[in-house]
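Naming follows writing order (A, B, C and D), and every chain is counted from residue 1.
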Amino acid sequence: MVMKFRTIRYCLKEGFTSIWTNRLMSLASIGTVLACLIIFGMFLLFSVNLNYIGAQVQEQWEIKVFIDEKIPSHEIPIIGEQIKKIKYIKACTLETKEQALENYKKQLGEDAYILEGFDEFNPLRDSYNINLDDIRYADQVVQQLSEIPGIAKVKNHKEFVDRLLKVTEFVRMASLWIMLLLACIAVFIISNTIKLAVFARRKEINIMKFVGATDWFIRWPFIIEGMLIGLIGALISLLLVGYGYDYILKLIYQSMNIFKLRSFSEIFEALAFIFISFGISIGAVGSAISIRKYLRV
Amino acid sequence: MVMKFRTIRYCLKEGFTSIWTNRLMSLASIGTVLACLIIFGMFLLFSVNLNYIGAQVQEQWEIKVFIDEKIPSHEIPIIGEQIKKIKYIKACTLETKEQALENYKKQLGEDAYILEGFDEFNPLRDSYNINLDDIRYADQVVQQLSEIPGIAKVKNHKEFVDRLLKVTEFVRMASLWIMLLLACIAVFIISNTIKLAVFARRKEINIMKFVGATDWFIRWPFIIEGMLIGLIGALISLLLVGYGYDYILKLIYQSMNIFKLRSFSEIFEALAFIFISFGISIGAVGSAISIRKYLRV
Amino acid sequence: MILLTNISKTYSNGTIALNGINLYIGKGEFAFIVGPSGAGKSTLIKLLMREEVPTSGNIIINNFNLNSLRRREVPYLRRSMGIVFQDFRLLPNKTVYENVAFAMQIIEASPKEIRRQVPYLLGLVGLSNKAKMYPHQLSGGEQQRVALARALINNPAVLIADEPTGNLDPDTAWDIVKLMHDINKRGTTVVMATHAKEIVNSMKKRVIALENGIIVRDEEKGVYGYEI
Amino acid sequence: MILLTNISKTYSNGTIALNGINLYIGKGEFAFIVGPSGAGKSTLIKLLMREEVPTSGNIIINNFNLNSLRRREVPYLRRSMGIVFQDFRLLPNKTVYENVAFAMQIIEASPKEIRRQVPYLLGLVGLSNKAKMYPHQLSGGEQQRVALARALINNPAVLIADEPTGNLDPDTAWDIVKLMHDINKRGTTVVMATHAKEIVNSMKKRVIALENGIIVRDEEKGVYGYEI
């Protein structure tokens, strides 16, 4: 339907002034959008970071292949080359048997003296430590590794990998579902609030219809009002969640420093996009749907 | 103020029928209570289990004290007795040097052969493994342990303890704060919704006042209505959260089984208490506060 | 008994609705308040029932001194009078029967008494067959009669009515005014703001004429007095 | 031009408000609809503006056939008539000025025209000084006049008024009726439901008398006809 410019201006003006005229309802709606987005945002950040930590754990995990003692040391790099050709392998570093012994000693800590006798005759083997792009390809990679000649043994911690895979996948799926659930709940609560706010103005909508206004003429100011309310709620929550996250990041880094977390700047843009589009669209759609009922006169 | 029985009956009847008369608003309010309690409940269960897991981690952690080689083996139990007398110690089990060697071999796994020479002459020492009531008392206990004669060395993994302590404390505090924040947000959203619902009926409240009804006569039906809405919302959310938790528990136990989680029956009573008291009180208080403004005529 | 001394009312937007009103209406009197649209009739009534507070002056009704009236005493003031509002003010979610019964419930009347009184009054205003309807299902005149039934149900000492015949045809209007006359005969003070010229002229009761917030005329056995 | 053939209206609760109405009101006519409270006058008007749909029968207004009218054409039907509602139906959040201007905004009139027309009509109904007030700040009669100004602002082909003088003193009522008479003289069809006996009797216009949902009388140059 084509609108004259004056009507567009009317709808805009009406939508804006209406927020002020219906202060109580606007505040309640903005507050609700705000509250829902804060919960949603908290969880979003939480799950983003869980995933991030999962990725870091994966990164630190490695497959170890032991080189046969019979292989002369100048051929070891050749095996390294062969390993690097395998798909999904990200990094592959040599650990000589001397380094390995040192590591064992470190592992035993105060009891390292029991390994002292081995310094002269080292019974350990040279090995490659391999990092993967993705822990899920471990089985496949191990299969290919064991086919390379000169590799005596592949230590792949199969059980550990499987368990880690399961945990990661579980966290990923769970956070996805919870996010979805939270988004649904947020939509539900916000649309509830809008419905009530529109309900309080049902007479007004009716009257407009009785005077001869078309559905769209009545609807547009409400939609604009809804969008504006959503936008305001989104902006405030963005501010709160953003600064809150920044604050909590600092708090966490002060108290412990095991894993890296996503920095504020890394997530801000995505967060802003999600919040603002979410706020505006639910505001607009919620208003449009809620007034439908009262337009039928 | 004293009420006649007929008035109490009127208020009750009025509160109940009003929920049906104002279906839209009741549904919106119940839905909002429901949604908020679901989010709140999810977090509550999450944080309860995080704490539970933290406790399990602590439980598995132990202090190791090594007995001086010079102590004759019949005196070792005496040292054990002395250890058990220390406050905060929950359990204390002997690990002989033979067992220790076995454990080392297990730890080295496939490389255990390097320890084979030690079977005849075991260089390790007997030790006691000690579990604490609470990891926070570790420093204190270690101090007392090192004063016991005959103990050569106390291995307390100081760093690990500190880190674990920090993580546990952080999770505990964070989940407490998030719970508090969520509770506030829930109260805010629910009271917003009630405010709007009452707003839609402001004329009605006004009229009652103009006809000569006292504040309490108007207020009670609203309070009863609010309590009922809160109760219904609480019961439904209890059902959903309860069954949801049961379902997710099964899902988790299927896919991984590292830690025990709180069983449904363990938390149900507390959850029911929190939900129902929360729902009813916010419903009652929210209504009472929201109508105040419209009683001033 | 109603006594207004030096009452003025200026609304917050500056409109002077009443300007120095002095008025005494004795117990058992029947008084019409007349005047052009916007003269201040409804404002006067709103002051009596304390919907609005006067800017200056003092009001005494039925032994209630409105200047020293505490907030929690207001309901008892209102119960001492029956009021018919110009905009009816019926509870939208209650039926006709429930609307009238409500006025008895607030004074904690016994259910038995309620079951006796309400149908009686609905019969008086001619709405027995509409008892189960909701206000929005009634015609304008029917709503006005429900409002009257509610105002009368507790046998108030003072009956105040703001245009109780505004939405009624002359026949029904006369029935209503006769009803109010009967009630007045039984000792109830009646104050009625109205535009119904014929009724005022035939009743030969006291007429208080307001114009621009001032009493311009106050006659016993007066007439409407505005010529067409 | 208004044509009703065999119109009946039974509300969902069983009330028969109209029962077989046949009525023709030609272009440029001035017709009063009279009848006791609950006779069906407002129902008739609600059918004309399609607030209610008849249970049976057909209505044609200004070339709109209401039986085949689609939902999205309803606004255009309503724009072709100006309506004064018994309960005013002013927008509570808009001032008097904005309420009247709103009726022009919906037909996308130019701001210049709005600024010219609205003050002119507020002057006609005597409310120039109340332009910035909100409906709840007006007396009953003032609200009624705002409703009339809104109904007239778009020069409708038909003006339908449900008791436009119900809350007015006789003087103001006469001003309003004269205004409607002038508008009728300029070609607008006027249909007016009313209880104002004197006005009907002096105007000597067509009178349609309803009783219990039936037209009991339809006279050119008629009188109110209900004796007191």
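We take it that contacts are C-beta pairs under 8 Å (C-beta built on N, C-alpha and C of every residue); 3 or more make two chains touch, one makes a residue touch a chain.
Remember, predicted model here, so these are calculated numbers, not experimental data.
Note on connectivity: the fewest chain-to-chain touch steps from chain B to chain C number 1. Chain centres here are C-alpha means, and the one lying farthest from chain D is B. With centres set at the average Cα position, the gap from chain C to chain D is 28 Å. Each chain gets a centre from the mean of its Cα atoms; for chain A and chain B, those two points are 25 Å apart.
Distance between chain B and chain D, defined via averaged C-alpha coordinates, is recorded as 66 Å. A straight line joining the Cα centres of chain A and chain D is 61 Å long. With chains as nodes and touching pairs as edges, the resulting graph is a single ring in which every chain has exactly two contacts.
Listed by label, the pairs of touching chains are A-B, A-D, B-C, C-D. Looking at the complex, you find that chain D touches chain C at residues 11, 13, 15, 34-39, 41-42, 86-87, 133, 137-142, 145, 163, 166-174, 195, 197-198, 224, 226, 228. Chain D makes touch with chain A in their complex at residues 49, 51, 71-72, 74-79, 83, 85, 89-93, 102-103, 105-108, 110-111, 150. Those residues of chain A whose C-beta lies close enough to touch chain D in the complex are 3-4, 6-7, 10, 18, 21-22, 203-204, 206-215, 217, 296-297.
Residue ranges on chain A touching chain B, taken from their complex, read 24-25, 28, 31-32, 35-36, 38-39, 42, 104, 110-111, 113-115, 117-118, 123-124, 153, 155, 163, 166-167, 169-170, 174, 178, 181-182, 185, 188-189, 192-193, 195-197, 199-200, 248, 252, 255-256, 258.
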